[in-house]
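As written, the chains take the letters A, B, C and D, and residue 1 is the first residue of each chain.
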């Protein structure tokens, strides 16, 4: 008959798993507002997007697939919503995974379906966005984009509405673009190291300058990305679920908006960055973040229990 | 004041862009490191005994195989998830060659699961060699080295399925591992099989540490083959690597001291495009130090006129534009 | 004119698409290649290692040269080289766009071996009436389906109406099947398998995170701190408290949970990762050198 | 069957597949085995598709034979020499032959050669900047304040002044940073007979500092892992069950 200590140290896995499932399920059915303070990195991310001149052309690497949709899709969707509001023209490409372009397009279609339902203008292929497809070997691809954007994207085609595919450089999105320096913003939504390759490769060019970099990364990548953010190599980043939640809150509340006094999110760094209150701001972040607390709490609890168990069985052994 | 005038002379030439200013330093260091490695390989070949410290994780390998033999259950090996064959995969397969050699002697079944066809080809070839050298070619089953999938999580599902069905007694995860590392480790743990693991992805090491019996951290992985086989070439190279690490160590220690003292006080000089220009006095920044001058080459802009290429005649296929 | 910029100048190595010249040169190359391959079948045993070594060395030499060979200064794309040195440098740079794809292509061409391995194993099981033969059958069937509808759908999207297929209204059973297999199974199972890690991470933490040794304790403490700081509710509560106590005193402000966890990350996490990476990098470089120069007696050969 | 119904059907399949894979958490069983094999099959199938559509077609075939001028897109020339990669690749397939299996080492050798050469090329570009970033000053440049004063509402030039200074607290952090790198690095010295106490201590310290780093990594990774599980649960319970299945049984 094992003592309590031993029991506490050897709870059957299946039970633990069941508890985890319940803990991550039940809170989903209630929407709880969690007090939260957007990280500075996320504020910079949002502000940079908001301060983007209307109608600018944007390069966006969509390097995520279904496996990390829990974090990446939320960031992708929110970022896209902001960019569409800024009337940005976006060229999507992927250097991480052959599936990524497909996944990104499906996500865009989903977004358009939502917009149709809300009878908002659609985010039109060829007019507003093009898909450059997948580029094997991230390092090489980023090298190409940095040194010779036209060469890197040459021969890529996309579809004008109802017409056969045409060269992407004839689309309103890339027309007349020859150097990466002509593009004000390069965004990466990634679940892998492609962001690191980009930072290493896209170097400032004395003549044309170079685009601001914004990363939306998974929680795993936060440590590495933080390094680039500190050294000011990137303008801001949206890290993990916390980042997504921050972003959604910023879309709702803005920064120092409507004024420094009444603002929900205050910052010395910015004057006033508007927010656009709307139910459509509530995305994966708002849905998942409360639940995350319970899961983390469960883990901490289990670790404590295990250690108590160890302590107890030590004592039992002594007596 | 302008300590780099001498080097700027290079800029008078039309070639050598990457050497300009202090650009040559990087190439120089690379060659120093390379020569450290080669010199020591040469020394070791000369029959000189070189010392390697004990690495716990590597002593575990023999123990693990021994255990598997006692239980008569297979040894499972995964050479990581490299997207094509590279030194990491080669290194892993080389260690596995050592493992399979022992396994072959004890007629112990092995399973080597590959994520990539090129790695699969290499492993297939290598392991067959091992069995042939041991004169046990008849014992070798080509299906024991297999390609599972090259989609990360399909691979994870397949391998953990194998672990559970084959009830492997010893499992080796060496190479590039990402998120799936924990799936393997926990599955293997759940059937009480000994695990020796190592990921060149630092971010995965903590999970192996949490779940595995023995973990090789960082470049203990690269030390492995030298440690196991004691081949002069490998041992020599390992010593060379140590020299190189010492070099980096010195650069860091000396460099940060130099920076510490150079950053005190104020300056009225600033480097712009590789030229020292006078500015109004300001407190020194880290970018004013010798070290940053060495590490951040910034060659001045020069224009060199070359004859233009003959422009290609428009071809019909281009519609003459 | 944009199109002119895209156009490549034609040398010995390139020909207009579908031109007889192209096909002739192409087939000649193929024949030569195959001839060499057949020729290699008859080389004596002792010549084999040198041949392999030579291939490896030349392949590596390209990148090393690209690195060390003096690059021309301030050269515009339309300028011709001044001297031989520049000529080589430019040749190296211009061949780069071909060489970068070699690894990719060769790896892809080898994939057949992987598929072959799958087929032999599972067909074998079926032939041997292995208890899992049924599952092997399932595997092969789903593979076949995915290939069929994958390519079918791909081809239809290449055509005139490709873009129309973005709208499900225009879908036929081809798109539905592709979508069902790709989205319904592949993508979702990817996500499912990835999310299983959460369970394992929990049980691993529960089993392993004991205050046994100094090391374990340190690891646990750091992990818990970061974990707690991720719980927005907790950390923001804590931080507001700290700010209340601090009322502006910058020293006290450092004790905000977010500050502490950032401090741990920036001071210890970044630095220890870096320390490891230096070692790993040199390890890779050394390994690379040994392979490149044929010093690495790979695998079984002793 | 309209699109919405199809989506529900698809989601149902996905949910069953998810449960199938999860069932391994209880124990290995036929249900898991079934979906494991479906997964492997579909994945392999997709690989074969992507092999052509994503890699060989664009990176090899179209470069080799060129592309005709299509509506508005210029023709590109064909670089026929690409075909030489085919025989090289074919050599890999000799691996199963008893006599010629050595030839499979040629394509492998070439890939490895390319990789090795690149190591030499990128080594400094990767680690040089990291070394540079490690050379942190470890003595403060000012003693006005021991820690970084709050920058709230400072004029730009004052802000710049504050940021250009190194305060005691920063100096200490820098010192810790450098020490960590040095100790960790010295921990990975294999060929030195660590008789002298100081080196042993450095190693020990290195190992402890490593553990702090690993702990932090563990913490920040956990968020992602749990989020992905939550996403799954949301998919099963909300997207499929609450919004998909329940409405079928609730009278409109």
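Simple rule for what comes next: a contact is a pair of C-beta atoms (placed from the backbone, for glycine too) under 8 Å apart; a residue touches a chain by one contact, two chains touch by 3 or more.
Note that the structure is predicted; figures quoted are calculated from it, not measured.
Enquirer: Quick one: most central chain, C-alpha centroids?
Expert: Chain nearest the overall C-alpha centroid, as shown: D.
Enquirer: Is the number of contacting C-beta pairs greater for A-B or for A-C?
Expert: If we tally the C-beta pairs in contact for A-B and A-C, the bigger total goes to A-C.
Enquirer: So how far apart, in whole Å, are chain A and chain B when each is placed at the average of its C-alpha atoms?
Expert: 29
Enquirer: Taking each chain's centre as the mean of its CA atoms, how far is chain A from chain C in angstrom?
Expert: Inter-chain centre distance comes to 21 Å.
Enquirer: Can you work out the whole-Å distance between the CA centroids of chain C and chain D?
Expert: Between these chains, centre-to-centre, one finds 9 Å.
Enquirer: Taking the mean of the C-alpha atoms as each chain's centre, how many Å separate chain B from chain D?
Expert: Going by mean C-alpha positions, chain B sits 15 Å from chain D.
Enquirer: Give me the residue numbers in chain B that touch at least two other chains, ranges are fine.
Expert: 27, 30, 33-34, 84-85, 87, 90, 118, 121-122, 125, 128, 142, 150-154, 157, 179, 202-203, 205-207, 209-210, 217-219, 223, 238, 241, 245, 248, 301, 315, 317-319, 321 - these are the residues of chain B that touch more than one other chain.
Enquirer: Could you list which residues of chain A touch at least two other chains?
Expert: 13, 17, 20, 24, 67-70, 99, 136, 154, 163-165, 167, 170, 220, 223-224, 242, 292, 295-296, 299
Enquirer: Which residues belonging to chain C are in contact with no fewer than two other chains?
Expert: In chain C, the residues touching two or more other chains are 3, 6-8, 10, 16-17, 67, 101, 103-104, 106-107, 110-113, 115, 118, 182-183, 186, 188-191, 193-199, 201, 203, 205, 207, 209, 219-220, 224, 227, 230, 265-266, 269-270, 273, 276-279, 284-285, 287-289, 291.
Enquirer: Per the contact definition, I'd like the list of chain C residues that touch chain B in the complex.
Expert: 1, 3-4, 7-10, 16-17, 67-68, 70-76, 78-83, 85-86, 89, 103-104, 106-107, 110-115, 117-118, 120-121, 124, 186, 189-190, 193-194, 196-197, 200-201, 203-205, 207-209, 219, 273, 276-280, 282-291, 293, 295-302
Enquirer: Along chain C, where are the residues that touch chain A in the complex?
Expert: 2, 5-6, 97, 100-101, 103-104, 158-164, 166-167, 182-183, 186-188, 190-191, 193-195, 198-199, 201-203, 205-207, 209-212, 220, 224, 227-228, 230-234, 236-237, 239, 258, 262, 265-266, 269-270, 273
Enquirer: Which residues, counting only chain D, touch chain B once they are in their complex?
Expert: Interface residues on chain D, with respect to chain B: 21, 24, 28, 32-33, 36, 39-40, 42-44, 46-47, 68-69, 74-75, 77, 92, 95-96, 101-102, 104-105, 107-108, 111-112, 115-116, 119-120, 123-125, 127-129, 131-132, 134-139, 141, 161, 164-166, 174, 178, 181-182, 185-186, 188-194, 210, 214-215, 217-218, 221, 225.
Enquirer: Name, in rising order, each residue of chain A that touches chain C in their complex.
Expert: My answer: residues 11, 13, 16-17, 20, 24, 34-37, 39, 65-70, 99, 102-103, 105-106, 109, 125-126, 136-137, 140, 143-144, 150-151, 154, 159-165, 167, 169-170, 176, 178, 223-224, 226-227, 230, 242, 245, 289, 292-293, 295-300, 302-303, 305-307, 310.
Enquirer: Mind pulling up the chain D residues that touch chain A in the complex?
Expert: 25-26, 46, 50, 53-55, 58-59, 62, 67, 70-74, 76, 125-126, 133, 151-153, 216-217, 220-224, 226-234, 237-238, 242
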